[in-house]
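These notes open a run of structures that come right after.
Each of the next two complexes has chain A plus one more chain, namely chain B in the first and chain C in the second.
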Partner chain A sequence: MQSWAVLQFPGSNSDHDAFRAASRVPNVRVDMLWHDQPIEKSKYDVIMIPGGFSFGDYLRAGAIAKLSPAMGSLLEAVEAGAHVIGICNGFQILLESRLLPGILQVNKGLKFISRMEECEVKTEAFPWFAKEDIGRKFRFPIAHRFGNYQVKDLDRSEMQPALVYQNNPNGSFQSLAGIYRKLGKGSLFGLMPHPERVSHSDQPAHDGIDLWLQASKRLAA
Partner chain B sequence: MAIAESKIGWRQAQAVGLSASEWEHLVSVLEREPSFEELQMIGVMWSEHCSYKSSKRHLKRLITKSESVLQGPGENAGLVRLDEKRAIAFKVESHNHPSYVEAFQGAATGVGGILRDIFTMGARPIALGNYLRFGPLNTRKQQHLLNGVVSGIAHYGNCMGIPTLGGQIHTDECYESNILVNVFAMGLMTSKKVFLSNTAKPGQSVMLWGARTGRDGIHGASLLASADFEENKTQTKEQKIRVQVGDPFKEKCLMEATLECMDKLGPKIGAIQDMGAAGLTCSTLEISDKSKIGMKINLNLVPMREEGMEAFELLLSESQERMLAVVEKGSEREFIKILEHWGCEASVIGETILEPSVKMSFNGDQIVNLPVEKIIDAPPADLPEVSSEKISARFSPEDSIQLPEDIRDEWKALLYLLGLPRIASKRNIFEQYDSSVGASTIFGPDQAEAAVLWAGSPEHPHMGVAYKGACDESLSAIDPNFGMQYAMAEAYRALACVGAEALAITDGVNMGNPHTQKVQDALSDCVDGINSAIEVFGTACVSGNVSLYNQTLIGDHKRDIKPTVFVVMVGKIEDVRKSKSNKFQEAGNEVWLLEVPGSTQALPFGSAYAREFWREQESVKNFVPFLDLQAEKHLKEVLIQAHEKNLFVSCRDVGDGGLAVSLAEACFNQNECFGFEGDWSKYQNRRDYLLFGEHGGRVVVEIKPANRAELIKHAMKWKIEAKRIGSITKEKSFRLRPLLSGNIQDLYQAWTRSLGEII
Partner chain C sequence: MKTFKLSIRIRFKEGILDPEAEAILSALNRLEFSNIKSVACDRVFRLELEADDANQAIALGRKAAHDLLANLVMEDFEVELAS
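Up next is the complex of A and B:
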């Protein structure tokens, strides 16, 4: 049995989506974690930081959330073997925490964009993408106003451009939709698209399901 | 100041909007003059917005009961049964005047208000919709309003994490200085855990949850929403402070806290009501009235945003993100613990009492002592009688009428119609609304005829819900009764196009000055029209909202808006996997028209085409399109059964702009534009009717050639006509031979460009 967790802040709004998506994966137990407690060091295989508007995002997306005890303990958990996936606001929080490089600016059109985007896998990123996934295309929804990812220098040895948009919707550097970093025994994956929102087989597009299934399989192997 | 010393008289009553006869009524039921604070409370309670005094007599005639209705009008939202265990809560509400004064906040707090109505019932909101009206979009002012409203809705809904999946935008001169912003919300809940406002008992604690009370929104309900609305600079500035300011983050936390309280401490909640219009005044009086109890409130215990607030400000404030809850004595700490976890304040401000009066004290003085039953209803308003003479819509012209000439440049007309605001692509608008949050979206904006969500449970793993809002004010302006039947039929048909059985409706009434004969007649006719459709469709009305005094200044005089009544119909889908998109899916498939029989007019009456190209033709202005409610029901049977058998590949209602526009829109699939090829030379009707005629009961379906016989069999069974009108092609041309032919990309450009440039 694998242990996955969803880290919840006041204002998280894809927390239930992430929880339900993970709960449908066979042999996965999911905990909902509140931000005010440090995360137990070696307990979780996967930690999901969901989308939303943590603490209202009135200062800067993720700027308050990074100060929480849970975020303070995240690095240790990763080094001990946890694989963190930060989606949308979760990605913003990882950047604010400096666990991933770069920033997210307002979209190039200055407006919130909600639509389906095709994203291509660029690198291997355990447990999310294997080598044979490179070039594979997923259809994931995006829904954000601050998703224009900019980074000065992506150090290829440690940081990987894991996922790129086919039609760059927001002006991101090199069409980057998600980046990946291997760290200690674990990893960090930050992305703007929302695989957890297309993770039910009754939905016309449900590419999220395979992402979770494959990750869980690779972790078990 | 204590009650005995007060003598305020008629002049102050006028200032809060009371009429002379209302003042007399008040003094006589109280058997004394009211205190200053009491008068403020009565002013707002008896306002149009809170009392429905000018529309009540019509609304009470609406059919509100059916097998699926669990809760009709009168509570925060209506409830219908989804399955043995679950219910859907839904309602539409207006925020018109605030949105004109301050577009962003006005629209945002409209969303906040309707969401509170839903979670107050114990339901978790799962979808939003918005129904908007603006003046013609060629002025900077209207463009500014449109952008403000759209970003306000997006700001609040997106932050709350509730997907916005449907809506409608029309423009008309009558909304120029009185835009309409109606918002709809829907929630999902366990039927056994319903929370109401009529269940409080004496001896319980009255608590205030959520935001602190500030000075915003004072007199919002009485003087902003319920009065003639003049546009001049000084007044608008004054009106701005009556618009509330919303904080969606606070509301998200309040929602989670409230739902958790209901889940864990449900039996200890006596009653609960959201604090919307007229804040503390309305919520205390309504819970007391409905529960037949009284309340004792100490206003000094209300958490305030700033020092030095007066009692009347605390009573009238419409500060957002607040709830009034009546809970069992001794359980207050348990509630406070959950609320504090979510960062919400909670305070006990009083208690419920046996005596059915609301008593409030401030700084040690009792300043309010209102006998609830006597003052809860405004005295009957002095209104014109509804005229006995009815306008009756006409389908067919007499022979003597001179008909406009048939169309000459069909292609140009098609390009023009595709660019009309009500037809053109709204992509730049709906992409600003989060449509994927909630992880249950099956079909969002511009993907199907109705919004569709997965709402499965262990017992019904593939169940879904759908909703569709409709309103055609240009038809209601000709005949309000017919206009409502047409809108009801459109919503009903749209639900059938996604395979949904209609359950019930909510209605958002928007009209002009209720003291005029015309508005009273229109209110009465609209109710008749809705009822006629309910009798056939079985879709009772479970909730709604009325907004009156909507007038636009034209030259020197004010003109009432056209009667604009949004009906949002909610339906249930047994298996969402069988639900169909309204976009063509595959080249080579056949396209068929399913049509109710009986339309003999063969003229494009009441269509977008007629409104644009027959503008000068007075003689045919008052004709309406064909409609047959009984036949609509038969068409629905065909559609639902075809869905069950998976006969269709896609399914689209023939709406604004007629067949040519509907077929073109079906070709505009987001992934790739298809072409269309049809031989229409066998049809003998006028060209304008064939291409752009609109009437009820027509649906375009895409099928695999192999399913042809099965489709015809189903249609015949229900006496629905089925015609093959063409095929989907890979080639990017749009050909309705011999009427028109051209490049699909040109049509796509016309469809996307017009609003694309404004937003």
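Up next is the complex of A and C:
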């Protein structure tokens, strides 16, 4: 049995989508973790930091959430083997925490964008993408105003440009939709698209299902 | 301990794209302000704090800006004692 967790902050709004998506993966037990407690080291295989508006996005998106006890203990959990996926606001929190490099600025067109985007896998990113996934295209929804990812230089020895948009919707550097970092025994994957919102077979789009299933299989192997 | 008032100004670093400022500039240029050539949107925090002296107050302000108020990847800050 694998243990997955979803972090919750005041203002998270994709936490239940993430919980339901992970709950449907066979042999996965999912805990909801409130931000005010440190995360138990070595307990979780996957930690999901969901989308939303943690702490109202006050100051900057993710700036206040980074100070929570849960985030303060995240690095240790990752080094011990947890694989973190930070989605949308979760990605913003990882950037504010400096666990991933770069910043998310307001979208190039200044507007909030909510639509489906085709994203292509560019690199291997255990457990999310294997070598044979490179070139694979997923259709994921995006819903953000601050999704314009900018970074001076992505140090390829540490960071992988794991996922790119086919049609850069927000002005991101090199069309990046998600970046991946291997760290200790675990990893960090930050992305703006929302796979957890397309993770039910009764939805017209459900590309997220396979992402969770394959990750779980690779972790079990 | 005395009470001090600080003003902390946060601004984007040189070279960081600020689409909001660009949009404001083009709106100004559409009015009668075609001679305005650039716009920057800074953010100012006004703090009241207790410290032994002005130097300590400024040091505390700088630490607050460094640790939370500014994102040093994209922003610079200036701390000033308000009169």
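The rule is simple: the second predicted complex is superposed on the first by the 221 of 221 C-alpha atoms of A that agree within 3 Å, B and C clash if a C-alpha of one lies under 4 Å from a C-alpha of the other, contacts with A are read in each partner's own complex, and residues count from 1 in each chain.
Please note the rule applied: contacts are C-beta pairs under 8 Å (C-beta built on N, C-alpha and C of every residue); 3 or more make two chains touch, one makes a residue touch a chain.
Note that the structure is a prediction, hence the values are computed from the model and not measured.
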| item | value |
| --- | --- |
| Greater residue coverage of chain A in the superposed arrangement, chain B or chain C | B |
| Partner chain(s) touched by A:D202 [first = chain B, second = chain C, both, neither] | first |
| Partner chain in contact with A:P38 - chain B first, chain C second, else both or neither | neither |
| Touched partner set for A:R20, first chain B, second chain C, both or neither | first |
| First (chain B), second (chain C), both or neither touched by A:L59 | second |
| First (chain B), second (chain C), both or neither touched by A:G81 | neither |
| Partner chain(s) touched by A:I103 [first = chain B, second = chain C, both, neither] | second |
| Chain A contact footprint on chain C (complex, rising order) | 16-20, 23, 68-69, 71, 73-74 |
| Residue ranges of chain B in contact with chain A within the complex | 151, 154, 158-161, 247-250, 252-253, 256, 342-343, 430-443, 454, 456, 462, 464, 576-577, 581, 670 |
| Chain C partner contacts - residues on chain A that touch it in the complex | 59-60, 63, 67, 96, 101-103, 105-110, 148, 150, 171 |
| In the complex, chain A residues that touch chain B | 10-11, 13-14, 16-17, 20-21, 51-53, 55-58, 111-116, 141, 143, 194, 196-200, 202-204 |
